[in-house]
């Protein structure tokens, strides 16, 4: 991991003030508390921000790729228009796993055909990351898949130092945000290095899979490994893992007239390759008709099929699916079973 | 729409909550709905009765043999028969009595004259006549009702989800109730209610019926992991799922 | 004058559940006059046996879609009475709110959709959509408000999902409470408009004094708690509900009946009004005045008007409850309590009258015995007695008119026949 | 600063369909209809054989449908639709003059490069049922240029003689003679049918081909592939010489929604036409 050089430092007070200022021009989403859960949500005041990270149920991908999104509007007399919605948004306090997730989603939605709905939101969003000093909980395994440090997906990255943060600037959008909203002072230049030393110490023995780079090959060779059925037979096909995953982006598209049949819209919504009907076609064939096949497909998307494309494990090790899975199925355990670490 | 389809509502043994949910419409929705369908019979709300209708919407469980001819007549008359709610779709809460013998529950409730009133095993409508579409739930979800009616009018599939409640529960960003030590049938129950119970501090008790191809073995393992015995799990399933042969293979 | 009248209304419409009216008059003499309940019996008390205390409210809720909140609240009250649970102020207020939701849905549905069409000569609310669109829209809005409150407090109005013994499992946010208050204030204005509509309805003049029974709590228009009050015999503890509901079976009805001091008694909005009118809110009193409802009122047809008057009170009460809640720090409360073998009674005024649940639990927290007595069952004899008093006075009318007046009488009681066909166990003979 | 993400420009019209007007409708069978359509807002579709469109009926939905006509210089094109679900059933209720909405063409199809390898070869089309729809765009391209090929054999199988699609064109095809041959079979013969009867693999032994000099194009229902591929491989046909055209569920057509993914391959992007040698290892192929 190459050390980054920060350009500025900011006190926590100034940071909060900056966010407050930004609220005039942006909707700001940050880690916050609602009912008895912690989640990324739109805040009204910086006082609502929770700095102490606890894993959320959903990843912040929902801000770029919402659960339901209207993509077309039309009328009964044939007027039809694309609906592309985006608001100036600040995503604050996103952690490395999710930032790496953003990077993958950005690439996927920009791939070959640039998805207008997704990219419009990317364009209008300033992403401010915060580095993790320590492992957030027992289910997280970012360090196994090389995701404990963000490699992209952010405009600004914050590293915790005494009384504030050192800021790494990744994009022009990021530096414009600083000059417009944040009161900063010059950095010494070694802040990030010392943060990362501390982080390395905290992560300690937790090292990436020995065969991280070879995972696609290993998965290719182990299509029929016993682990697939061992884990797959427990799978409920409930799709929870997919809903919570920061790098799952399959969707379904449906049309709906309003009840008066005068206006209608086309909506895309999250879909899940783990649920039974996902790969069924009109002729009645279901190309992945067992939970084992579906599990194989999902995990291979993460460590094989898409990993080749993005040159990085597409599972970012956030641990959300492990927490969400009632059947206790874990991509990490599967990777280990096929020899990721031996 | 050339001619509006005629729609008639019928009820058998039930609480009639689904009919109420069906008319829980905004003024705009009701006016729009009446643009696309013609309601010709709805005993709970209107006095008109009709012998001719295209779509019959049937609520309630069949709990008396004497109800069967009436149901058959409805089936013969209607082009499309839809069940409305858990009672007619899966026999609902009414089938809870099926776990006791008839003599037991009759004795229990009318000890003076147990056999005074006719009653028999509670059955879902599809066990007696063919059903073209179903709207599950106890009670039904109003939006889903509107969508199904609209789809049928447009010649579309009713579009009832085949995936489980967990999908919607997660979309709503709920913390799973199992984490609070509460058991939930969400992983094997058909979605479409927007995970209403877990999202509002409850838990799913399966009112919408089981999904196709449920992994009941795994559901059972989960409950066991959360310290529930097999019997306790069966108890959870009893509320709404007596008629499900996968869950209760020895059912009546 | 019709000397021979034979009325046989099969499945009375615009009521909840299935009932028939049978009247036979030969040579001016009343041979037969009855209200048959033909709903299939559902055996709820049997189904409750062996179920866990957490499920009692879920199950009994399904007795009736329109009083599902009432059933749940009565069920919780019975369970809490049994286990000796005291509920918090927060819980009490939340229950008042969701109960308000049910009264709005139920009363508005009854007044506008089920009763009003009779007065304007329509067969149902559907033709009114074109002839009286503004009234229909107003009714739908008011009814929707009930559902809206139900959605926020209970997850939904019909069979709420989060009401459990001791405490609700989700609390509303500040914004939601503010929204409820706003909508209720809006509804108050709509109700004032509604007074004008209601005033135009010509109710049949009819009087028959009977015994009026309701919950009663000095200083309060008792709905969710209180003792039992009879206009004949005064106040008694709710625990003695059996004295008021000597249930018996009769041949032509799957519902059990009840009597107390006389042949029959009346429960519901009119009974509540007659017994507790002095504690109605000011706006409700004004509405009563304007609509010519004065206590004591012996015209059962006026039950519909009494319901309308109650809506004013309920709205005021709910706003007060929501405002109190806004000033509290709401938190989901702990639901644990010691489980023991026990027995308890819950009595709650639902839109149609007093609903009693009486539960006996074993030390495993499972139901041993349940008894639910619903208001419609209590009213049935009174309806028949009203028939008997009414018929001789209207014999000069045509058979159709007579039928209509009888049907209107049944509807005025707003009977919930699906409830009444659930069953009652007769214990403690 | 770190390296920036190199994001492709957004395409604001990616999901916005364009209009096409129905010019002609013909009933083929009970469940299949032929449509001729005309683009209203562009001079030509600009497709290659084997590509498909996402066809919408507003308020109902969108479904992938193959372009059934050969590439052309005008704005008209054909498709053939089997009524199976929401969109396809609704399409069957439309009339001449109605507007449908389309996106595409999508997919690889038989691109120029593939087509050039076919020159001088024996082209063997093995088609089951509705598979004729996508292959027709290629058949109708190569038959008029038949001199450029050694031979063109079309093997066509369907359930009964009533299910023959493009019956009229099939009859024409059988009359061309020379280096064009058509062999047909039905699963179940009826009184009107005098030809062969049996599954489509029974036709393979009836034609004379040099496997190394022949290129086979196979399209049909999922079950057909297994048997046809087996028969061809038994004849020692090199896998490189076999092309298949696959159906998958598709919601976007542009490689995002994930439904058509077959292991690592997005059928809507890299297919629906595949060279068998390149995908034979894919376990989700058939």
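Letters are used for the chains, namely A, B, C and D, taken in the order the chains are written, and counting of residues starts over at 1 for each.
In this section, a residue touches a chain if its C-beta (ideal position, glycine included) is under 8 Å from a C-beta of that chain, and two chains touch if they have at least 3 such contacts.
In this text, all values refer to a predicted model and were calculated from it rather than measured experimentally.
Innermost chain of the displayed assembly, by C-alpha centre distance to the whole-protein C-alpha centre, is B. Looking at B-D and A-B, the interface holding more C-beta pairs in contact is that of A-B.
Taking each chain's centre as the mean of its C-alpha atoms, chain B lies 43 Å from chain D. Centroids of chain A and chain C (each the mean of its C-alpha atoms) stand 52 Å apart.
A separation of 38 Å divides the Cα centre of chain A from that of chain B.
Centroids built from CA atoms put chain D at 65 Å from chain C.
Each of residues 154 in chain B touches at least two other chains.
Counting partner chains per residue, chain C shows two or more touched chains at residues 170, 332. Across the assembly, chain D contributes 59-60, 85 as residues in contact with two or more other chains.
Against chain B, the residues of chain A that register as touching in their complex are 36-37, 39, 56-58, 67, 233-240, 243-244, 254, 256-261, 270, 272, 275-277, 291, 324, 326-328. Chain B contributes residues 154-157 to its touches with chain D in the complex. Against chain B, in their complex, chain D makes its touches with residues 59-60, 85-86, 89-90, 93. Listed in rising order, the residues of chain C touching chain B in the complex are 11, 13-18, 39-43, 45-47, 49, 52, 55, 58-59, 62-66, 68, 105, 109, 113-114, 117, 123-126, 129, 136-137, 140-141, 143-144, 147, 154-159, 161-162, 168-170, 249, 254, 332, 418-419, 423-426.
Chain B contributes residues 1, 29, 32-33, 35-36, 146-147, 150, 154, 159, 162-164, 166-167, 169-171, 173-176, 178, 186-188, 211-215, 218-219, 221-222, 225 to its touches with chain A in the complex.
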